[in-house]
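Chain lettering (A, B and C) follows the sequence in which the chains are written, and residue indices restart at 1 in each chain.
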Amino acid sequence: MVDVAGEHERLDGLFDDLFPLTRSITGPGLRASLDRIGDEMPLDVEAVHSGTEVYDWEVPPEWRITEARLEGPDGTVYADYDETNLAVVNYSAPVDRRLELDELDEHLYTHPDVPEATPYVTSYYERTWGFCLPHAVYEDLPDGEYHAYVDSEFVDGELNYGHTVLEGETDEEILLSTYLCHPSLANNELSGPLVATSLYRRLAERDDRHYTYRFVFAPETIGSLCYLSRYGDHLQEHLAGGLVLTCLGGPKSSLSYKTTRRGDALLDELVRHLDAESGESFELRPFTPTSGSDERQYCSPGFDLPVGQMARTVYGEYEEYHNSHDDKAFMGIEPLVEAAEIVDRVLELFEYAGYYRNLEPYGEPMLSKRDLYPEVNSPETWSDSTPDVRDDEGEFLDKILTVLNYADSTHSMVEIAERYGGSLEEFVPIVDVLRRHGLLVHDESSSEC
Amino acid sequence: MVDVAGEHERLDGLFDDLFPLTRSITGPGLRASLDRIGDEMPLDVEAVHSGTEVYDWEVPPEWRITEARLEGPDGTVYADYDETNLAVVNYSAPVDRRLELDELDEHLYTHPDVPEATPYVTSYYERTWGFCLPHAVYEDLPDGEYHAYVDSEFVDGELNYGHTVLEGETDEEILLSTYLCHPSLANNELSGPLVATSLYRRLAERDDRHYTYRFVFAPETIGSLCYLSRYGDHLQEHLAGGLVLTCLGGPKSSLSYKTTRRGDALLDELVRHLDAESGESFELRPFTPTSGSDERQYCSPGFDLPVGQMARTVYGEYEEYHNSHDDKAFMGIEPLVEAAEIVDRVLELFEYAGYYRNLEPYGEPMLSKRDLYPEVNSPETWSDSTPDVRDDEGEFLDKILTVLNYADSTHSMVEIAERYGGSLEEFVPIVDVLRRHGLLVHDESSSEC
Amino acid sequence: MVDVAGEHERLDGLFDDLFPLTRSITGPGLRASLDRIGDEMPLDVEAVHSGTEVYDWEVPPEWRITEARLEGPDGTVYADYDETNLAVVNYSAPVDRRLELDELDEHLYTHPDVPEATPYVTSYYERTWGFCLPHAVYEDLPDGEYHAYVDSEFVDGELNYGHTVLEGETDEEILLSTYLCHPSLANNELSGPLVATSLYRRLAERDDRHYTYRFVFAPETIGSLCYLSRYGDHLQEHLAGGLVLTCLGGPKSSLSYKTTRRGDALLDELVRHLDAESGESFELRPFTPTSGSDERQYCSPGFDLPVGQMARTVYGEYEEYHNSHDDKAFMGIEPLVEAAEIVDRVLELFEYAGYYRNLEPYGEPMLSKRDLYPEVNSPETWSDSTPDVRDDEGEFLDKILTVLNYADSTHSMVEIAERYGGSLEEFVPIVDVLRRHGLLVHDESSSEC
């Protein structure tokens, strides 16, 4: 059993430790973040050397930064890495120059629509340097000579990611992937990893995991490409479903699911079913390759993995996105605890959502010898054939007959529940009892990959 | 030509002979019923020995009963097998005991919702004994000692069914299956066998049967399972379509069709088409494995045969169901004569409903050399291209061209008729003329199994 | 560049030369017509000997006619081949008889609904003779002896058709087929060949033809059957799409497209898309084998080629159809010039409508190294993820990502454009830029045949 209050406290502390670290797609801040997550759950950290070719990409040199500061003509510091690591363009080249405001201008980044916030700016693959500052500050910058100072270096190092696998009954897998590369951002960075640690703890407690669960923490895009270059073949063979976890905090009240590229993967059907049939509603977004997170890589046409994305207050739809206002107050810890609970429930039901095979498919199995059918067929037991007086026992029997008839490896349990007119949840005990009696098996060969 | 009045009289007599026989899923009453049906049409009666394993089931010992009576404290007989064979639980074990009312109570069965009727109760696979009586009688039973007497035995015997095959041009088959096991019930027992004999006689008269017709009379569930265990492979190879015949009498005015499990079998498409396009309307019920008759076995996932069910006043939807009020007055003979006529018409059209192949598929065949096209193309013959003045000859030609174009083994004749905007019936002469001219053949390889 | 005024003049002159020629399905008039078309574009004329068996047909003997005249009792000439070649039944047998009106009557053809017009009547496969005249004239014919004179002969000759091929980058082909066999009819004869010559000239000017274009001019039905007998196998292997051109003039304002038999060929999808998404609207007609032109042969079940039909004022829907009122005034030259322009545009877009393959399908390709992605990811470049402020650069990037994700040989570019919510036309520059960068190739193996 999950201790909700304890989980809230754990995530709060983890957030505070992770938030100030200067993450990027490589470097010490990324490694420190992976180490810290490794305190919460087992995590194997792996490395890909700088310069490695990864599909159409190349792993960039590792970026290390120690100091960055923009001083005005009178010594006023307008951007200071020590105050916020957002103040410097992520992957900024080193600089130590004095220059006039008009010459400096092309190196300054602001967010005019959110004038009080420092924006988050990156330049991973083009060498440049720059500072980020609130637009309100920028507009009042005095003329004169400025001192731009960035003490950074690009070294022949490595890119890191962390992952772990929780074994289940089968080697068919569920992927839970989240990214780690934005420094000092909350909803659009830490919400995903925090919820992932929470899910790990919930899943590790279960002793009846059917699927094997794979957790991945990697820098966005280049990190998931590195991961795919090493584990993509494995995932293509074993993946039953997956979720990219992102933006799970913020003010939105319900979770938001972006479907897989296929649009009709079992996970898509399940979330649609839950949205329609359970108390839990989901905002449903169709897959698009134009904006999003690492599902863009998992769902690229060469892989086309059945990976959706679970979010809440989605990137690009809130003005705190990619600027210093995306902080703990905006994200909240409570929404993360709730998101972990909901996703956990989705995964629990996903274990039942798939394809089954009736082991006695020729005729109906004899249910009475297994005490699943009334022994004497009298008016009291006719409920199954007279829907208007259907009682609990009649419904139980009807569901058993429905599962046995359609469990032919071509109808998912979601479809079977919907065909009956019920919810998957109601069919969980039916599946359990039929498996116990040796009448039903999960059909691995009908999985998604 | 069917003599409707004669048929009415024949069915009436057959009913009176069959009604009083003590049918069960095995035993002398079942054999006597099959013998009597054998007077109306050829019937091969086969046997499966008690104890034979049939898929997940085992054939029970044969049940024989000679006497059963429940006497009250003062000698009043409250349930008497001699008066109605419904008075004793079907498959009741022998008993000869004197016992108080409260001890007797668990062996008494009534139908509280229909207090004047004796319910029909069975206990095939669990040894028990019991009596059935009207609830109104039950409520006034006096205290005191009762004498429960059932003279029955379970013997190492056999289960019987009857079947016959009417050969057609092809060995592709139509199955007509009905059950025989309920004693002294009318709509939900004898209506099916009676209509089956009527259909046999109608079909036997036709000299142009395309399909081979197979008639099966078997006890419900265990009987059809036995039949499948012997002929299931054959049916899987040869069945083009089938119907379970049940509950074809009673007050409902139109027939009611339960689709096959597939839902899109040719027979399903045909009945939907007839309901929409012909004067004959059918109540359409989707397949369900939760209530029904032997289609539950034929449509179990291991077989998934294209077998639907034809009924009228359906089991479970009328209060006379499974009690002594389901008698000849309730069922009626007239509805059976009419049902046979309608099902016969469905089967006649089914012979045209399937897949055909144009034997001159490269370009249009030359119709004028076969006198199927006007020789001189003048304003009088343009009706085919000007729909608003389409005359009979133009429509005939248009239908010919439509059949020739779509008869490519992938469009059924039902689809072709609907694509044209007409009814299958209108296409019967078109198919006939094109076959006569050697332009069209029925495509067996596109059949349902 | 097409000179529209010049094209108008060219077609007008071509019309005047072709109109009076006595075309039929064989004979000197057909050959003269093909020769004249050969002045406008290269044309290989081929011959099939009389008596050749073509599928279910046989090429009829060649028909040659020099004179035909019907003289009345007082010497009045009521039908004269020298005045209009419609005056004699096409393929009329020779005759030189004097006969009374009542005997003559069965050899006279009129169009009672259009009493002032001479109808067009043929009798290719049944030897008869006859005259066509206005119904108004027919009604006033005096009694007495008439002189029916037709100087024609049937000779062991040939049937001719013309064709030419414009090579493209690939040997996948587009077929443009039109018929040539009606004498002195305009919309329902010459409009097709005239537009075909116009399309040839437009397509020949393009230096970037992806597809190979095949033009066919053949007598209707028997001519296209002859063509299929020689080139049908080639077309089945190479055809990506095709159009029968017919009835492209007349008063209707928009073009009318009859889909292929398949109904979901790429060409069908494209025309539906253009009707919905572009300024150009098309009247859409589903395929029918009952009326139409040579698409009935190309779309016969043995071939089932992806050939649609493009028309404007469609056969059978106007009262000038198949009579002397279908002349240049009714047809007009302007509608033909416009039709050529629209069909040319359809074909140009068809070159982009098909299936493509992303050559870097594992993950997203790295766009920034190809200057297709902003180097610095700052608020100014976020337009791609915030739809409401999407600017041109953002839309360009979104379209690139959309094409790269779905270009997997299973989604046509029409589908990709619709999935994005745009028009195929907008995706033309995207496809071009991605091909230039070596990220995309046209997938020939996904073509229609």
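Assume a residue touches a chain if its C-beta (ideal position, glycine included) is under 8 Å from a C-beta of that chain, and two chains touch if they have at least 3 such contacts.
Because the structure is a prediction, the values reported are computed rather than measured.
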So how do the chains connect up here, line, ring, star, complete, or something else (other)? complete
Please state the rotation angle, between 0 and 180 degrees and to the nearest 5, that superposes the Cα atoms of chain A on chain C. 120
In terms of residue numbering, is the interface formed by chain B and chain C classified as same (over half shared) or different (under half shared)? different
Rounded to a whole Å, what is the gap between the Cα centroids of chain B and chain C? 55
What parts of chain B, by residue number, touch at least two of the other chains? none
Seen from chain B, its contact residues with chain A in the complex are 54-57, 89, 109-113, 119, 121-123, 125-126, 128, 130, 221, 224-225, 228, 232, 261, 288-291, 296-297, 299-304, 315-317, 322-323
Seen from chain C, its contact residues with chain A in the complex are 358, 360-366, 368-369, 375-379, 382, 384-386, 397-398, 401-402, 404-408
